[in-house]
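Chains: A, B, C and D, in written order; residue numbering restarts at 1 for each.
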Amino acid sequence: MSKKNLRIGVIGAGRIGIVHSGSVNDTAGAELVVVVDAIEESAAKLANQYGAKYTTDVNDIFTKGDVDAIIVGSPTPTHVDLISRSIDAGIHVLCEKPVDLDINRANTIKDKVANSKTNVSIAFNRRYDPNFAAVYARVKAGELGNLEQLVLTSRDPAPPPQSYIAVSGGIFRDQVIHDFDIARYFVGDIAEVSTFATNAFSSEIKAEGDFDTAITNLRSTDGKLVSIINSRHSSYGYDQRLEAFGDKGMLQVTNVAPTSVRSFKSDHSEQLDPYLNFFLERYAASYRKELALFIESIETGKQLNPTYEDGCKALILADAATESAKTGKVVKL
Amino acid sequence: MSKKNLRIGVIGAGRIGIVHSGSVNDTAGAELVVVVDAIEESAAKLANQYGAKYTTDVNDIFTKGDVDAIIVGSPTPTHVDLISRSIDAGIHVLCEKPVDLDINRANTIKDKVANSKTNVSIAFNRRYDPNFAAVYARVKAGELGNLEQLVLTSRDPAPPPQSYIAVSGGIFRDQVIHDFDIARYFVGDIAEVSTFATNAFSSEIKAEGDFDTAITNLRSTDGKLVSIINSRHSSYGYDQRLEAFGDKGMLQVTNVAPTSVRSFKSDHSEQLDPYLNFFLERYAASYRKELALFIESIETGKQLNPTYEDGCKALILADAATESAKTGKVVKL
Amino acid sequence: MSKKNLRIGVIGAGRIGIVHSGSVNDTAGAELVVVVDAIEESAAKLANQYGAKYTTDVNDIFTKGDVDAIIVGSPTPTHVDLISRSIDAGIHVLCEKPVDLDINRANTIKDKVANSKTNVSIAFNRRYDPNFAAVYARVKAGELGNLEQLVLTSRDPAPPPQSYIAVSGGIFRDQVIHDFDIARYFVGDIAEVSTFATNAFSSEIKAEGDFDTAITNLRSTDGKLVSIINSRHSSYGYDQRLEAFGDKGMLQVTNVAPTSVRSFKSDHSEQLDPYLNFFLERYAASYRKELALFIESIETGKQLNPTYEDGCKALILADAATESAKTGKVVKL
Amino acid sequence: MSKKNLRIGVIGAGRIGIVHSGSVNDTAGAELVVVVDAIEESAAKLANQYGAKYTTDVNDIFTKGDVDAIIVGSPTPTHVDLISRSIDAGIHVLCEKPVDLDINRANTIKDKVANSKTNVSIAFNRRYDPNFAAVYARVKAGELGNLEQLVLTSRDPAPPPQSYIAVSGGIFRDQVIHDFDIARYFVGDIAEVSTFATNAFSSEIKAEGDFDTAITNLRSTDGKLVSIINSRHSSYGYDQRLEAFGDKGMLQVTNVAPTSVRSFKSDHSEQLDPYLNFFLERYAASYRKELALFIESIETGKQLNPTYEDGCKALILADAATESAKTGKVVKL
């Protein structure tokens, strides 16, 4: 292949760094050159899997000149700084959500990002799931006429460990932020947020002052209504659905089971297995598509992934939902 | 209602007689006047439920002059004689399948039936199930283009008692005869029959020289192919499906569950309950429709239900399948 | 049958009166004796269909002594008065929702109803749909463990005429009140209501100061969350779903199609027809069950249907949703 | 990775050769070193895609010493000879179905294959589709109790070109042979075959003396019944289903749609898109699994893929079905 490979560094060798490294390895035109993680063992293990270098010092990324782009999967508090340094170093960056837990801090580099000559993308991968993407395209093509309601269901199979909850920024900034991005993607900017949240099952999450269960209503600035249903657990697997309702019909993204096998027994019929367990399986295709768009953005100079501004706006919605959940009031934006 | 009620006698107070009596009671324009059964207790119980008379002497039907029509649900060996006497008595008759276990005996009244001034109908109710009827209408309207293949699945929930098996005429004359009628209804007369049958699970059925499991292929005189899959048991409920395949598409009758409730747990998703248990539940609507058509036939003089000839032709197919199963040869008709 | 028939009068010969009259006719132990409607033609037509008397004067019900029970399907403003007069006359009453459009007026007879020696039931029939009832029973039996979230979707096929909208009390008192009753049935009393409503498609509904589209979140007094999604139109038929989510799993009431036929063509697979069109078809079984429970309540002296208090509490929720939709604030109860 | 790559040559740069080359490229431990095709342009194009060499001379495979294994996707008449030469050359071989169109010719190398020191595998990939494999494992684990019936539906989206039909050996040796292999995989050796075949739609296929539509019944040597339904076209996409029925229940492999999106409109509900178009999409995972098993077989010395004998036995069934279809008789084996 004549086209030169894009040299990519992955920062953070945790769960999401592993996903992105695999996607890089599977993608023509991309090469995983280095993995960064403060824990040497993690960095080494992931790097070795794909024949890449590793380092525990993130400064290497910006000083050694051997990467064209980075994918940031390190803890949230590092995101703003890494984006900022990438811009300075002329390195493209695809950064995991959320941009930060503090919108004020996120805003400090807003102008810098806006003027960046390199690509800055935020990893709201769900837009690129083939199922969500198909509904999006059909809605935008007018198949439903006027889109009137959007219903999003997002239930994780099981909550993360308490240590992660403690630094996650809470359910809205950590989990529901994906739904806020999808809501904005479909209906545009949001004017009102009303959230009821509760502690239905997890004393660990409650101990962190966070919620495990929530329902949120949004109204877009042009009057469309969005209902979001969330839980931090789901006995039957990762529950990820979307329902777009318009005057000409409805389109649903339904869940995905590991096989197409259905069982019929004396106590049931038409039974599927539990759904795909979690995002690694359910969104495998979307991570690859996200990376492909990142590469295409760099090659063409077009912004094809969600922007830093999208990241900030989803965070603002997460902040509003948090406030609404805590005060019991509707929050206007 | 100004229209005079049709006075109906039900012969046979067994399972199917109970179904028909209920249908008569539910149908405007019909009145259950008498129930006949050799077992007085059965006749009395069913008659009393609907305020009808009862008798143990079937001659009463033909001598007392108080019925306009009869529904015959008594044992198969009585069918030919009862149809014959009904014609003589000017009484309309809806007779259960099969017309007889012996096609030669059935043929003895063929001409008499053909010249009858009263209505003679055979109770192949499955044609009137709303699901089968919908597919039939769509196929006949050309929605599938040329119909190329028909696949019928028919599995009973559990075999009848051995005593019934002993007099049933075998699986093909007792159970599969419904599928043979549906096959003829969709593709017309049949030219070739090939059946593989076996004793997969029931020693009682085997003891009667009958089969519990069978697969049958038919070819119609104009070359359409029909595949029929049968079993005398089904752990997940009554399995009654049809698949019509043509050059423009496919239509399926899928099974019917008792509710639309789906369950999702740690070991499954999208689970329905087992299907409706048996014909009383699954074909309740078709029995009412069959009766309504019988009444309409009498009122209009048009033959709307399957004819005696249909009954004979299905029996001929059952004979052919029995022969094929026993000889291991294709039977040409 | 030895048991004396319950003599029933139906008040109101409109759409719902027709449904109830049919149910009475289908129900053993009940007899439709009189139909009341201000429009003589309507009353006569419905009465004649079942061989009942008719009158345009509702006073006949209370003075002639020929009814044991009434079913009230007349306009909402008549409900409180008719219930009150029934109690005085010693007549049992099954009254359509809502009890009134004004909770204060409804409250004027609260004590009287509480002390009534005759049965007063409110017709929230949806509780008795076999699908909703099955999920309810399974939830109450603990199959889901702790119930954490309830999601109700209720979209009518098409809006009622503007003249009806004008006197309906608005979408929450007319349509969503059924969902409020189901919510209370599953999760008990409600503490907080937050509604976003809009005019997405109907200028006629807007002209009446009413909404055509709404999403409502509820929190029960013990912390359970309920999300309700409503529209006054639905191109694909009557959309009536329920999702009960608990720590041990999820149960869904899915929609009901007219047949089990699925279509496969060059542009689709697994296609069902649009859903059953509206409540007459979708809830036919629930109307019969509701009537059976009303009769059983009268015979046994037990209250088996929703009470007048249930009717008032659903109305209070409708009032709260209306207020929340109009003020943009969360309403605490 | 320390383990040395298996050097693989792909013979035949047509549709199936392209699939296998992609699988080799995606598989760790395997390296595509050379592509052989008589048409230089085809060989070059495929080879260049993966940085491999190419040749138009198949002798290079056996003389140059640079391949450890070959995958044979060239025309059927070359299969026996290529397998034979591979054994002589100490090269492992994975050969496409059918082994030959003439069982006598296939038998000439039977002993040689049986004594081969290198691996000889036949590419009945369908066994490794995750859906088929899941049902197989559950059946073998006894989940259905005694397996009584197997129903296979296999309809291609559209017939191959007439030129291919002419050399294909007919529908049974070309298409249905996959179903014969699956039948043997599930129920073991077959004792009786009865096939009805017809020309339902294609004058081109008829012109070649071949059939476009068939239904086949099999009986295994231990009495299990198999029904196979085939067509050379299917308007709604590639139709690939399996139904395993036993005394304890039923397991179905249902079809696979490109997305999980369901559509609801004024003329339909619950509609999926047409199914995945053909084997490249539907069986992508099975091709990769097949290759992985081939590599594992070579590494471990265990035969994990279907054997040459499996290939011969499926061919014998195809011969029997052809004979049955042409003579109208049941064929005993």
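Please note the rule applied: a residue touches a chain if its C-beta (ideal position, glycine included) is under 8 Å from a C-beta of that chain, and two chains touch if they have at least 3 such contacts.
Note that the structure is predicted; figures quoted are calculated from it, not measured.
In terms of the stated touch criterion, the partners common to chain B and chain C are A, D, listed by label. Compared with chain B, the chain whose C-alpha mean position is the greatest distance off is A. Averaging C-alpha coordinates per chain places the centre of chain C 58 Å away from that of chain D.
Mean C-alpha positions place chain A and chain D at a centre distance of 40 Å.
Each of the following residues of chain D touches two or more other chains: 235-236, 248-250, 255, 263-266.
Across the complex, chain B is touched by residues 235-237, 255, 257, 263-275 of chain A.
Taken in their complex, chain A has these residues touching chain C: 146, 148-149, 151, 153, 155, 192, 194-196, 198-201, 213-219, 223-227, 229, 231, 233-236, 239, 245, 247-250, 328-330, 332.
Looking at the complex, you find that chain B touches chain C at residues 130-131, 134-135, 138, 248-256, 258-266.
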